[in-house]
Amino acid sequence: MIPDRAHLDRLDRSWRDPPGFWGFLTTVDHKRIAARYIVTALFLMFLAGMLALDMRWQLSVPENTRMGPQLYNESFSLHGSTMLFLVSVPLMEAMAFWLVPLMLGARNMAFPRLGAFSFWLYFGGVLCLWIAHAADITPDLGWFEYPPLSGPAYSPGHRADIWAQMITFTEVAALAASVNVAATILKMRPPGMTLARMPVFLWAMLIASIMTILSMPAVMLVTSMLIADRLVSTHFFSPAGGGDALLFQHLFWFFGHPEVYIIFVPATGFVSSIVETFSRRKLFGHSAIVLSMMSIGALAFGLWVHHMFAVGLPRLGNDFYTAASMAIALPAGLQIFCWIATVWSGRLRLATPMLWVLGFVATFVIGGLSGVMTASAALDLQLTDTYFVVAHLHYVLIGGAMFPLFGAFAYWYPKATGRLMSERWGSIAFIGIVGGFNLGFMPMHFLGLMGMPRRVYTYPPGMGWETLNQIATLGSAVAILGGLVFVANALWSYRHGQPAGSDPWGGSTLEWASPSPPPAFNIAYTPVVRSLTPMWDEGPGLPAMDGLGLDRREVLITSVTAAVPLYRQKSAGPSIWPLASSLAVSAMFIGSIFTPWAIAIGAAPIAATLTGWFWPDRPRAGSDAPSAGA
Amino acid sequence: MTAMREFELVGDLSRLPDSETGARHLVWWGNVGFMVIEGTAFALAAMAYLYIMTQAPAWPPKGDAMPGLLWSSIFTGGLLLSALPNLWVLHCAKTKNLAGVRWGALAMTVIALLLFVPRAFEFVHLGVPWHRDSYGSLIWMLLILHTTHVVTDWFDTAVLGVWLFTHEVGDDQFADVEDNANYWSFVILCWIPIYVLIYWLPRAA
Amino acid sequence: MAWSAMKRRIALVPGAVPAALTGACAGIQSPLAPASDQAFALHDLLILMTAVCGLIYLLVIAGLVWSVLRARQHAKRAAAAPVDDSALDRSLIASAVIIVTGLTVLIFGSFLADRALLAARAEKAMMVRVTGHQWWWRIEYRNPATGRWVETANELHLPLGRTTRVELASNDVIHSFWVPNVSGKIDMIPGRRNMLDLTPRRSGWFRGACAEFCGAQHAHMALDVRVDDPVAFDAWLAGQAEAARKAQGPGEALFGLHCGSCHAVRGTPANGRAGPDLTHFAARRSIAAGTLPMTRGALQGWIAQPQALKPGTAMPAVPLRPAEADAVASYLAALR
Amino acid sequence: MLIVLALAGCSQEARRLVPGPPQTAPNGNADPRIPAYQENLYQISQGGRYFAWYGCSACHGEDAAGPANLADGDWRHGGGFANVFAVIGERHAGQDYAARTPVEQRWQLTAYVRDLSRHHAEKRRRIMLDQKAEPQGSAWLGPQ
């Protein structure tokens, strides 16, 4: 049966945001929060891309004087920090925010206001770093700042503090987001969606969230220790004061490596969804892919020392980490095998999202294999801190995460906007980006093997690096042009794209049941899941349950393993408090760059705003006013 | 809105309760999530402490006084004793005992406030300023990390207490009291390893 | 010596194709042109890795292309064929076995290469201390004859065929000593001592660079490495141990006054240790850690405006009249 | 709040590594070039390194007492920038710093020395510990 108009109108009235700018500031709709995350992150990716082009231009000619050392060091620090902390991780969280409720047939995230708080705090981190850049106090020590160079003695001023606080900003936002995503996936699955029937995308987001929860505290601790060393003269990283410079590296990379898998694991979720839909068959080796994802998540915490092979740690320890680092190639390899097997035994439809998956496999496997090469403790002594590693990290980050992300945009764009992106321009952008990227970054492998060190603002003539650097510059320019074509296609299709309907690709998961663009309440009823691919296995009418409140915001809470309905949880409505709290927290973070007293003074506004946020709005004791409801 | 998939109603959820207790409740999982985050931060801080300790020629470094045992024992004793009223409040929350929950929250707020006093003296008697050497920095870091948790939970309990006394308490609010009590147990459990690290490891090494 | 040479010939046989491919663009600062036992071990490992990884990549791409072509034909058939995955399950196991064997080979190869790097640790070796400064290298030789330390900077000489044990440390921030033709890089970390054994097998000029970002002028912190036969090396070391010969002209006095508080020239009152030791400055091949070639023009330019050539360097622009600058340049150019 | 931070921060943090430093001594305590050094954290920290390299900490170290203590903020010959600059150049019998330290370095040294009294002792000690291995005049005791 089609839900009647009255049913939808009552739902829409309960779930609609207040109109206008106030609605924009107070919304807790996971789709609007995700959309602003994606827009901000894509704009920052463009800015950081421009920085990359700047550096490529500087390196295209030996002894180039276009950029001085200070400007170049600021550029690569800002490029790295922005791409990793302000673009990649937030984009993956945004995809989770946008898709997890839709795939669960739920009406919002578990903690709606916490989602709003995550975005505003992330946005505070963006402003903290980029306003500092505008004011010419850009951090200039790279995206990981090893003491003692980042210590009080060798980097005066507040540049390193701004970098460290920006990380604290984004990591608190990421932690809040991952607790939100994990709680949503564990406790809000539709009736019948047991763990065995959970789509791979949700497994990917769950595992990435758990990895975030366990790894981000390490970087928050280490940046706080660095700021303490710089501001209140603690001795964590001063060898003469009893500290150890390597303690920073251990703690940072204990976070660093899981971080890059937090970026990669969601990408495997995107690829699995796309491959399943465009091969038009159930994903081959569902359990193999999920188990591989789990082992990648677990192994990621056991191999951080491969970033420190050259610091002179005991050899046997290094060899253990070689084995652990190489072992991660097994689950990754099995995942790749399962995707290719799914395509092999399916009826392939080569639309743009599938093109991106093919681009992903072709590029990421090169990155994975160059990763296996640098994983060797011995060979890494020749490869680390050279352009070989720059090539490897771009192949696994752009090839392994950005290409699936472009595919995911092309795949879920019709669901978000109701219109299809143009296939022709989609493939032109694909050729531009993938072709340009490989032209740009393949030569860097050879530059590294020809001895070009990393992070050099210029290099002497006569080393044989000139032509390869010029090819790399050309390739990067082509890739960025392709990126602009992709964005232009997205913007153009918003108005003029072919109308898509609710399920243009014939997808297998629940997000294709709701209309596109989905209304504020996502779906009229709570779907019941009886298989891994509900949209394919059920008849014309999707089995669903009624009974969730229509006149107040309610979400269904189910049990963790078997998704048995437990109770109807009141879902928080729009509120300004998340924004207020994130302003208070931002003020405290920025203040604490200048004086430790800012933490004590800043605590008061934070306490006040959090009280406002969590103050349950129920009737006062003894008054007979009916329950205030929404 | 474009056409959407038809539905076939197979059940009704309206008879489900609108709250639950313990791990069946959604907010309980959010609470656990944040406890895991802070627990990982404590574990990593302890790892940093042990890392520096194992590499130091002498622990505590020569010339550094031992951290005072008097106030720390008073604090630790008080904290462990506070587990009893805390468990009672937890029980009241589970059995939805309104008066017990209100007076329990007030009692826990006062107890936490009282514990601030020995904690303040602990800071004074740590024996080493944080800026002398890495040993001083580490024990100050551990103590400050734990103190922030004591303060935040005290404030959370205080606000909850004020709200409980002035409002009609619903099932969700009982769940909030339960989570608050669980969080206080977490604060107690975290303190035990840190107490050993700060006060007894320097004496044992 | 025989064992490593023989091992090299064996390792090269399977890796012939990749070696030809990568050997082509060898240089004086490249792991692809090994000149010592350590570098050969790493080069062989590189060939092994490239071969195995290249093979696996071809397998993956072949599988991908085959699957896409096959699936495109199936797309033309309307009905979805019944899904029988038993064949795919078996091939999943097969692929796991292939990956595990590939990884085992690479792990074992890496372990062997790591052990080869340490092979020279047992031999008695000449000690050299290299200390990283912000943006130059202080190098001290322990003269086997006299047992005293001889200091030089920015240029490392090594005896052919003999093992030299380099003790790496840092004076300020983390640097990384990397001379790719001679061995892998080891970081120089304040508060730690790291050891690196070098056993050169080919004489000639090589170039190394700092490989860990260490501040504004990280890009201009290179070092020249010269491998000589033992006789020439001993002569060079003896020459370095001597004090500077008496020089004529005003240059020495001017140098003593204006530059002596940071630079040392043994045998003259100039005894500053903040900057590199210039006792045998003119014998070196480059100025300011590989930034400029050792020519009179470069020397004059460096003395007049160091900030223009290496912005951010700690070397100040000493205000000298042209005649004085010329005198100091001539004095330095005579310090063989 | 962020905007205010931006404007206040920019001059203090600027780091222009370009040739063309001042070639002459400051004329008077109100020389317009002084803020570029006294207010710039990079120039002050460079001054600190030259303070070590020229061996000043031998007499003016952390625990120096009386007139040699530069961190107590009272200056026998006047605390103005030009006064301190002159003292470094002319009032060190036998050291002849006027010739031995180039002009720009003496600007930086003056900025560092006048900035010392604005920091707590532990901050200076923390920085000194990181730079423990820096050469002190003609003495270098090996790396850290």
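The letters A, B, C and D name the chains in turn, as written, and every chain counts its residues from 1.
Basically, a residue touches a chain if its C-beta (ideal position, glycine included) is under 8 Å from a C-beta of that chain, and two chains touch if they have at least 3 such contacts.
Just so you know, these numbers come straight off a predicted model, no measurement behind them.
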| item | value |
| --- | --- |
| Number of steps on the shortest touching-chain route linking chain C and chain D | 1 |
| Core chain by centroid distance, with centroids computed from Cα atoms only | A |
| Winner on C-beta contact pairs when A-B is weighed against A-D | A-B |
| Centre distance in Å when chain A and chain B are each reduced to the mean of their C-alpha atoms | 30 |
| Chain A and chain D, separation of their C-alpha mean positions in angstrom | 45 |
| Rounded Å distance between chain B and chain D, as computed from the means of their C-alpha atoms | 47 |
| Centroid distance [mean C-alpha coordinates] between chain C and chain B, Å | 51 |
| Set of chain B residues in contact with two or more other chains | 131 |
| Sites on chain C at which at least two other chains make contact | 172, 190-191, 216, 311-312 |
| Numbers and ranges of chain D residues touching at least 2 other chains | 17-18, 122, 125-126, 130-131, 144 |
| Chain C-facing residues of chain A, complex | 68-70, 73, 141-142, 146, 148-149, 153-154, 239-240, 244-246, 279-282, 284-285, 288, 310-312, 315, 318-319, 322-323, 326-327, 329-330, 333-334, 336-338, 340-341, 343-350, 358, 361-362, 365-366, 369-370, 372-373, 375-386, 446, 449-451, 453-460, 463-464 |
| Chain B to chain A touching residues, read off their complex | 1-20, 23-26, 29-30, 33-34, 36-38, 40-41, 44-45, 48, 51-52, 55-56, 61, 130-138, 140-141, 155, 159, 163, 165-170, 172-173, 176 |
| Contact set on chain C toward chain D in their complex | 131-132, 169-172, 190-191, 216, 257-258, 260-262, 264, 271-274, 305, 307-308, 311-312, 314, 316-319 |
| Contacting residues of chain D [partner chain A, same complex] | 1-3, 5-7, 9-10, 12-18, 41-42, 44-45, 120, 122-123, 125-127, 129-132, 144 |
| Chain B contact footprint on chain A (complex, rising order) | 1-3, 110-111, 114, 175, 178-180, 182-183, 186-188, 191, 213-214, 216-218, 220-221, 225, 228-229, 232-236, 238, 241-244, 247, 250-251, 254, 418, 499-503, 512-516, 519, 524-528, 535, 539-548, 554, 556-557, 559-560, 565-570, 607, 611, 614-616, 618-623 |
